[in-house]
């Protein structure tokens, strides 16, 4: 395979996954499939205009394939059009681009993620015998973040179908955990023991909610969801403070994207596993992680090592769950 | 505006204050001030430091609103609620603190608010007028394109005086106009005051220099602790004037003179 | 600091300037200035507006750095690179623009930079000293707890003068100290200058009032357009002095006097 | 001075000033100040009362003791940052990087203490020292190069954020142990009831004590003194108010230690600003830099102290917020922290142009901001409405103050 | 005035001032200004050149014509907002809500034009009118209630963001049709080569023409005039520079029409600020509000004009960014827009304290900011490094200017 330039454009810093998993995964796979190719990585810090700037700049640098995780799914349509007019292939990554079909789409499904964490919580509550009609809090992501909107739609879908009601709902500005904490603290004084669970859209906001319960002296903390499987969240799951998170070993998707990119570089058309928004797509199903399956999903699969997670006070919990070095 | 149209006849009363009072919180800066200004007359306002002279001028310039009292201008009661209104009515003022914009150059300050051709400033014309005006006042300003911030105290004062002349006023109020001026510039300003008076304008001049006051004033109004303290003529002796200002015949000035005289006597003796 | 320790003997040369030059961009404000100050002597610095008097004072106060030239203080060459240094060496200054903090009250301004008991300000002591000092200068200030912004021009000037006395200086420079002062306050400041001189301090006073200058000065130094233009004694006639200041015997002052004399002659004739 | 009346004290010789020491005089004095708008913090307090009334009408939980306790916890973190902001605003400068700085400090605690096993006090000292150092850099850029603080701290904002992300590295966020003293301090610790009641007595007692000693000194020095009655009345009112508030909070969990720390810092800063040479110099430099320089004040050192204090307090705020959240995360210090910290100071009455301000402005301002945000939390609102209402309420809270100040200007106090 | 020399012109009578009209004089004049730091925009340009050199050394693509064309596209949107910011900064005020305002305008275009089917010009007018209205509200709050603009625009920031989210509704973002003129304008339209070369000639021509007429008037009025040679030299240098730049850009796609609009607006604002009574009043009010009021300037009207202009330009910037993105979204106007717009003006040399500034400061400032951001996108950096480097480079870009200004202060120009 001859040398070519491939760009990998990520949307934000809200979680570390892009720099810690997606990009390294993509780069590693590219290195295997096309050792001479150059990979350009950019992150748009949740700024649409900056992403456009980055997109233009990788075009100027002669990228032949662009893997794009759009900050704003609809605004990205313009970028796809621009690239395709210059014969450059665009692979939509993580978030779809509904307006203009990209050349390919690989992703975990954000709406699916929202639905999965909420459903897992609902099932857990049912299993615990929480009566129908009890209330949960819903902490969404940033009101100006499209991905947060998708997760919220998923959560809504699952909760609406359940027997539990949403007591109150909050769009966390900038996904900031302190904001989530402050809001949750207010709801705790407001609803007290009526809160049987919290659906939080990511691990950061979930952590904020947990801190609020701890601060209010609520013990035990009601089940709180998360998403992203950050180490901090895994630790909280091990210590029993958080109920679940979503493991998105982004390396899988990143590797798939690299495969598709190299296929494009060879001038071939990659095979479509499914079609979404008129785009040939490949979707991966993420796994919900709870204390029951954390060992199997995280440690046995080698996504994280016990050394990373079972530090200090969490060593005890790890042992209890049978996680060993 | 209408008041502006008519040029008052010489000797006509232009401005008259009745019972004007101004309080700043607990401090009464002016109490029941009465004052009349006639066309073609120079009224000197004198008084000790903090007597309320500048406050009175600011009330007439529309800078401060009086707490009580009434003002009549050309026979009609008026409220001077903004400096713009006072200027429009023909009351021009040179403030003690000059009120110049330090970031603007001399020309810009001179014409501020009254620029020639507002939509396409005529810088050349303005500069020419600036130079001629300043020359008339014997100012020694190196360049009219330097910001005011770089001028000396006297140069700034000259600019402020020149500005008040540009507006073609009916009354001109000068608050210690010669305080920072050199001897030559002071002479020119005194000349100017006389010229202006002869053109039929009313002039209010505030000064601590009794010699200058006596040289140009037709009437000398004394303020003391914010109240009227008598009206004098230029013929009044210095001693009486100082006594009215300080409120006592035995005062710092007379004591100093007495001491100097005694010392002189002592050395000659 | 060391220079401060020794009180200079009366008549000893405290300060001497040689070839001091100061340029602001294209403008030369001072050119080759020579000046000596002795202990127990009052030197008056006079000159036209913009002659460079204030610039010279600012150079000595450490506000401006001279472009060229050397300064000797108590016989030792010094660089005055900050106002703090000049103050420390015992050079106190009353600036023409006063340099007061308008947001602070009178007491705070008086003691600024030299507060009593820095870690637990002794407001009562400071207030008492403020009142006594101001009373000495015949100031009529309603309250020393009002911000400077609410004081009249003369009141501010009194505060600035009072401040310079607090520092127990060796040399005191007064840039037009009486410009805004009333007659009584002016008399007190002149008294003060004489007292200070008698205590063996060097005094530099700038003024446009030839009468005051003659009353207190031992020597009169004239600046013109930034250059030395002669040294005179108080006995010099007014006319010669004005001629030296304006650079010509035929000047605004003489013309005005001539005109007034002619008019007076005309009316009597 | 022929009109001197020997019976009057030194400071009451002027006939133009009205003095009145009776109770009626006090009332007239007050209405006078009311009319001239010279009311200090009163308008902000009125704004606060207004907000509280509306919110508690909409949802009574707002005034529930425990909700107020939460409010105080939340005030402390950003409030501490805002205290530092008061110092730089006082000089007419700004620090845009306090948010990042607090984030960096929070990250340092996580990395040093939890990950690297450094002892907690050492980690805290390291974080504070970093803050002080960064402040010193800003001051140097300002003093030596004359770089506007807006630009240098904007650069700092970015660079420090980068540093925060860098040291947090791949983990992204670090949990602080819930059982630790730090987290306890940030989430749980409450002053014992007897101590908080005792502390509540302190201000009134100090007021009377200091007031009496000043009174004695003034009379001895021949100056007029505040009448005893008024002093005692004020102190009594203050004490009753404070003790009432403490009683009410103790119906819930009580007074957070963290809030106590915040108030303590505000008291210290207030003392520094009003009663020391340093504070006097701060006001002077902020009011007229050149005049301050000519008075012999070391202006550069003043800037240095203000920038260092600001960054250090920002670091402390970061540590507190890490304690409050029980985690050091990438998001710490992002979002509204900057704007809230600056806005708190401004709302409380510190001028952006320098020369006017007080430590209490930060305390009041942050309470206003947090009260709005807390009050809205208790209502079910969509984000769009929440934003609109926050904007509106903020404006209303400040309008009261603006009106008062407006009247001061028209009374000639600029 | 006995020393008058009749051969000299009116403005050259003073012996203390050195004048020199020869070429050697021009050079000495320049070195003089170099030493005294009175260099206007030169230091920023030097900073820009420095940045460009480094970036193009690291990645030659930086100077590729098409990359520069992209840079110009990106400059236009925030640049237009920054022009408005210059107006409020000039008065010593601030508008923190320009980001939200641009977001609201962008949302209005989407909702009115695409969703509600209103005609495009009408939608644009509606957005601009909303901007003007909001500016008028700020001005009224300032003029009538004396509310600090920091607080009123902070309230505005939140309220307008809420409005933006509200009118966009749950969809969150709306695509603008690619084929439309608006999107073409924002993404594709390039000035025809002949036109851009012609426009490149214009500044030089105007300079000579105006210069000659002023010269004639001045000589007629007895004032000294700039020597012809220097004028022609300046104009020639300017023209050669511009035409060269245009030629280089035409090696790529060419000069964006949108950038042309931005420059046109800057030219108009520059004319307004420097050559009209309004502009003079802006400087006066910013420099000394009270002096301006006493000169009879209607200070309130000046504030009104500045706030309205600022919000309206922010709305225009929002429309441009919608065009550039071909979408109206919830994210529009969030993030760094506010800080970038304000920073651009400040970096270009507009003072935050009022009374000093120019329209060109926005142009230069935004080019610096975008060059840094564009240059960094060409390097493969992790986010943490990117932040750190952005901060560092920003500081370096401004240090040049600060050094120059510092020297001006030490030369006594405050």
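For reference, chains read A, B, C, D and E in written order, and residue numbers begin at 1 within each chain.
We adopt the following convention: a residue touches a chain if its C-beta (ideal position, glycine included) is under 8 Å from a C-beta of that chain, and two chains touch if they have at least 3 such contacts.
No experiment lies behind these values; they were computed from the predicted model shown.
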Which contact partners do subunit C and subunit E have in common? B, D
Taking each chain's centre as the mean of its CA atoms, the one lying farthest from the centre of subunit C is chain A
Turning subunit D onto subunit E with a C-alpha fit: angle in degrees, nearest 5? 180
Same or different for subunit B and subunit C, when you check if over half of the residue numbers at their contact belong to both copies? same
State the chain with the largest centre-to-centre distance from subunit D, centres being mean CA positions. B
Please tell me the distance, in whole Å, between the geometric centres of subunit C and subunit D computed from their C-alpha atoms. 43
Note: subunit C sits from subunit A at a C-alpha centroid distance in Å of 74
Rounded Å distance between subunit B and subunit C, as computed from the means of their C-alpha atoms: 25
Of all the residues in subunit A, which ones touch at least 2 other chains? 13, 19, 143
Counting only residues that touch at least 2 other chains, which ones in subunit D make the list? 16-17, 165, 290, 382-384, 412-414
Multi-chain contacts in subunit C, i.e. residues touching at least two other chains, fall at 24, 27, 138, 140-143, 150, 225, 246, 251
Chains touch one another in the pairs A-D, A-E, B-C, B-D, B-E, C-D, C-E, D-E
Subunit E contacts subunit B in the complex at 1, 10-11, 14, 16-17, 214, 217-218, 221-223, 275-278, 280-281, 283-284, 286-288, 290-298, 355-356, 412-414
Going by the contact rule set out above, which residues of subunit A touch subunit D in the complex? 13-16, 19-20, 143, 168-171, 173-179, 181-183, 185-187, 189-190, 203-204, 207-208, 210-211, 214-217, 230-232, 235-236, 241, 308, 311-313
Can you check the complex and tell me which residues of subunit D touch subunit A? 59, 61, 64, 66-67, 70, 73-74, 77, 114-115, 165, 170-175, 177-179, 183, 186-188, 253, 321, 324-327, 329-332, 334-336, 373-374, 377-378, 380, 382-384
Help me check something: in the complex, which residues belonging to subunit A touch subunit E? 13, 19, 39-43, 45-50, 52-54, 56-58, 60-61, 71-75, 77-78, 81-82, 99, 143-146, 149
Residue numbers of subunit E touching subunit D in their complex, please. 92, 94, 96, 141, 144-148, 150-152, 154-166, 290, 339, 342-343, 346-347, 352-353, 383-392, 394-395, 398-399, 402-403, 405-406, 409, 414
